[in-house]
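Look for subunit A in each of the two complexes below; its partner is subunit B in the first and subunit C in the second.
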Partner chain A sequence: MPRTPAGPHPFQRRLLKEYQGLVKANLPGITMVQHADTMSEYIFRIQVQHNPLYPENDRYYLSVRITREYPVDSPQVQFIKYEELDDEEASEAKIPIHPHIYSNGHICLNLLGDDWTPACSVESVLLSVQSLLGTNQVLERPPDNDSYVRHAPLNPKLTKFTYHDDDV
Partner chain B sequence: MKVEIVEWHAFSTWHWDIPGTGYEDELCGICRVSFDGTCPNCKYPGDGCPIVLGLGCSHNFHLHCIMKWLEQDTSKGLCPMCRQIFLFKEGTFGAEDGKKLQRLVDGHKATRERGPNESDQEFEAFDGQQVE
Partner chain C sequence: MSDSDDHDEDHEYQSFEFESDYEDEYFDNQSENSSSSTRSHNERVSPSKTSTSFNEWTLPKFILTVFLDKYQKLKDSKLGGCTDDDLLILLHYKRWQADEVINDFFDNPKKLFEQAGLPVPPQKSANHLKSTTSFDCSVCCESYKQVMVYELSCSHRYCLFCYHHYIYNELSTGKLIHCIQPDCALTIPHGDIDKIFDIVEHDSSIIKITKPLNENRLLVASAKIFVDSQSTYKWCPAPDCKGFTELVSSATFDEATLDYKDISIIPIVRCAESHEFCFSCNYENHLPCPCWVVKKWIKKCQDDSETINWIDANTSACPNCLSSIEKNGGCNHMTCKKCHHEFCWVCLGNWSEHNNSYYKCNKFEQDMSEIEMKKSKSRLTLQRYLHFYKRFTIHESSMQGDLKVLKQINNVAVMYLESRRKDSSVTSLAWSDIQFLPDAIRALSNGRKTLKWTYCFAYYLMDSNFQEIFESNQDYLNRTVEDLSEIFEKITTTSTKGDSDIVKLIMKNKTKIINLSNTISLRQKTLIDGAYHNLKEGLMKFDA
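Coming up: the complex of A and B.
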């Protein structure tokens, strides 16, 4: 994984605590498959439990990158198409279909933008994303998926999402 | 028996006296380090890296941590923990720091009173009709 330049993160102690907390919490359905030595980049495997729209053996991969301004700034979070090398059972990695998840992996979630506060954490992001899938009732892409994906920046944090749908 | 003290060393410990909380285990909600420790940029705890007590809400932070948060527009001047408008009690830090903190709090207040910001209005105007 690429390294973040310019020495240790200003909030390195918090990053370490969060990493230790994640290992200890061992969240059901969430597995850390990769992490950078700096604790500022992660890949998680997310399995959705108890939602027939997403079969339990489907695996989705979420990339979490801690920015230099974390935790006053939200992390960069998106689904990615990731292949686990040493996992023979792994089915083809997909971007989950959801009205708030674009086919390029970008997620429209208020917690990742306007409603982020330093009291949130990698763990709270993981739980929110998992519950976004867990509570979903329609297997659809966002209505503007094609036009968004065509023009989207690589970094979803550069998109100014509007959050208008509190029901999903 | 007579005891003669030849030499003695005094020592003391200190901690922030935060009224009404179990201060000992309390961590700054931003850097997740104890109040008796420092924010990530400071070396010496205590007066060198003071704490700020929330007024209205009961959340406390290292001064330097909460300032960093309130410097962000995205903070909207809210407490990171409970999202109420962040106000603070005087007395745990110096006058200079107090002024800086007050400026940040006032800045957000002014933004709130101005209502929806200009860029939002532009976006809506653009959405409706394009001006030649």
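Coming up: the complex of A and C.
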């Protein structure tokens, strides 16, 4: 389907509704720290509860970009190294260590690949990523981290991840 | 979760032997043409002694034969409680392995249905594609007063606009497509996919364009992915051609270790649209050249693209009066409109001399004059290259010219017959009367193609006594190709009174056209056979 990159997003109403929902949503441990006026770029702060591997004070930052193809196609999501200016605790933000999260912030998550459908949303991504950390039991990088990071494209959506196991 | 990416079943379908088919098509016409039957079938040496056999496919034919053949069989056997939609989904899910569907069906139907995304029996599918009022779609977040919606048995309902976007995106995987609801595994039937597209893309729920099942969007996408993923399948490289070919068997063809003396093992195949191409290097039929020569030549031509401009600048004027000449058709016999000088487009020589010694036109004269001798060696090398390159490209563009003229002739003939048929008055022509045209068209363009590649062949050939034989074969083929091309071009340029005039001219020249196209095919074969033998015996060698 030819889509011109200019002009309003073809799913403008959906974007608006999601934005309004995200502003109102009171998701424990998830805070919107930045968003673009176009409602197509967000940065969220993620904190993990009840998992000693990720102390509750540790802050991780997730970048979410809504593409032209959204919601037919999944958003572009990755962890980033981000510093909140007005943050007193300003401890250096890191990319969380996890067997499905590469050190460049790319995440291997079914929901962002094969399992995505247009009925999924930014909120479902946030919850899914948070639970990815919440349920983790080993503090490790993916086995292919070094080689992946060396050759990875900037956009994680260009990577065809093979999902190691489905239960994480 | 891969539904369809690994089809590795054996297909047992009729294979076409290239060799036999090739001959039959060209020579069947001879029976209706007394004057050319002087040659008996036995006289002909077989063309390249290829052991290549292949299947010609189009997507609809492939889908019908490989996918839907089993569907028909199972449809007849009537698996209990299975609708046609269900059956198609089950087969697609099981990668068209009918046996697996039957076994699993009797083993554990519930499990099979669940895995394939179908409501578990005795529940039946209840999918709805309908118009509804006051509907809020949770994907696009629009509130519609009236809108078309789609839902599977799960009643997860979304607007058709969203379903269309979603399916469009999913089609590229070629796999079964499920309900939009993330945790819902129900599968959208193939037929519903086409219905949704028809309604959205034609912006109307009234016009129902029912595509035949073998053109179903999901099946087409699935078949494309299958073809892409198999090394025994290749798409036809001809522009705009949607055909593809399955290599059934060929001589062991190892690019790395091949000693290239035997051009008979080059796997030349044909697509369903009769385009011949090389299964190994994916170029058009480049016989008599081996693939490595083709690659070398193409690379050289790309590297030397500047010289091409030189040629362009030097081949567009009449050698007599220097007024510029525009070449429209394929024929290389040129007549200057201004001074009426007749010349050869290829060597710019006088055309009248070509009847006696046309073959100088192809031969690169290395020892021309003392002045030539003084030229530096590199200059001579360049000139040699230009000589062959020019002829190669001229035949390439002549091929385009031929095609233009032939298309026109064919269209005129077909339209003329059509109008006569509707007229129901006395018909002087029947369809069978112009059946020779497509054959002649093919013979001409195939002949030109071979001719074209002989210049690449000759460029890399080492000097030998057998080179002369090759050159005279080349010359024979060249002459017939030009003769036939000229007839066609004359038919279109000399008849000004209209279509019926063209048809009359075609019929008047019928015997000539049939004779010439048969001769082209024969000479083409002789040339390739000669190259094959001489290379194999080591009488001709490439200068690697």
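Keep in mind that, in the parts below, the second predicted complex is superposed on the first by the 162 of 168 C-alpha atoms of A that agree within 3 Å, B and C clash if a C-alpha of one lies under 4 Å from a C-alpha of the other, contacts with A are read in each partner's own complex, and residues count from 1 in each chain.
The criterion applied here is as follows: contacts are C-beta pairs under 8 Å (C-beta built on N, C-alpha and C of every residue); 3 or more make two chains touch, one makes a residue touch a chain.
What you see is a predicted model, and the numbers here were worked out from it, not measured in a lab.
In the superposition on chain A, contact of A:Ser124 is made with subunit C only, not with subunit B. When both complexes are overlaid on chain A, the residue A:Thr135 reaches neither subunit B nor subunit C. Once the two complexes are overlaid on the shared chain, A:Ser147 sits clear of subunit B and of subunit C alike. In the superposition on chain A, A:Asp73 makes contact with both subunit B and subunit C. With both structures placed on the common chain, the touch criterion links A:Asn155 to neither subunit B nor subunit C.
11, 13-14, 17-18, 71-73, 114, 117-119 are the residues of subunit A that lie in the contact sets of both subunit B and subunit C, per the superposition on chain A.
On subunit A, the positions that touch subunit B within their shared complex are 10-14, 17-18, 71-73, 114, 116-119.
Across the complex, subunit A meets subunit C through its residues 1, 11, 13-14, 16-18, 69, 71-73, 114-115, 117-120, 124. Across the complex, subunit A is touched by residues 1, 138-142, 156, 158, 162, 165-166, 168-169, 178-182 of subunit C. Listed in rising order, the residues of subunit B touching subunit A in the complex are 29-33, 40-41, 65, 68-69, 71-72, 74-75, 78, 80-81, 83.
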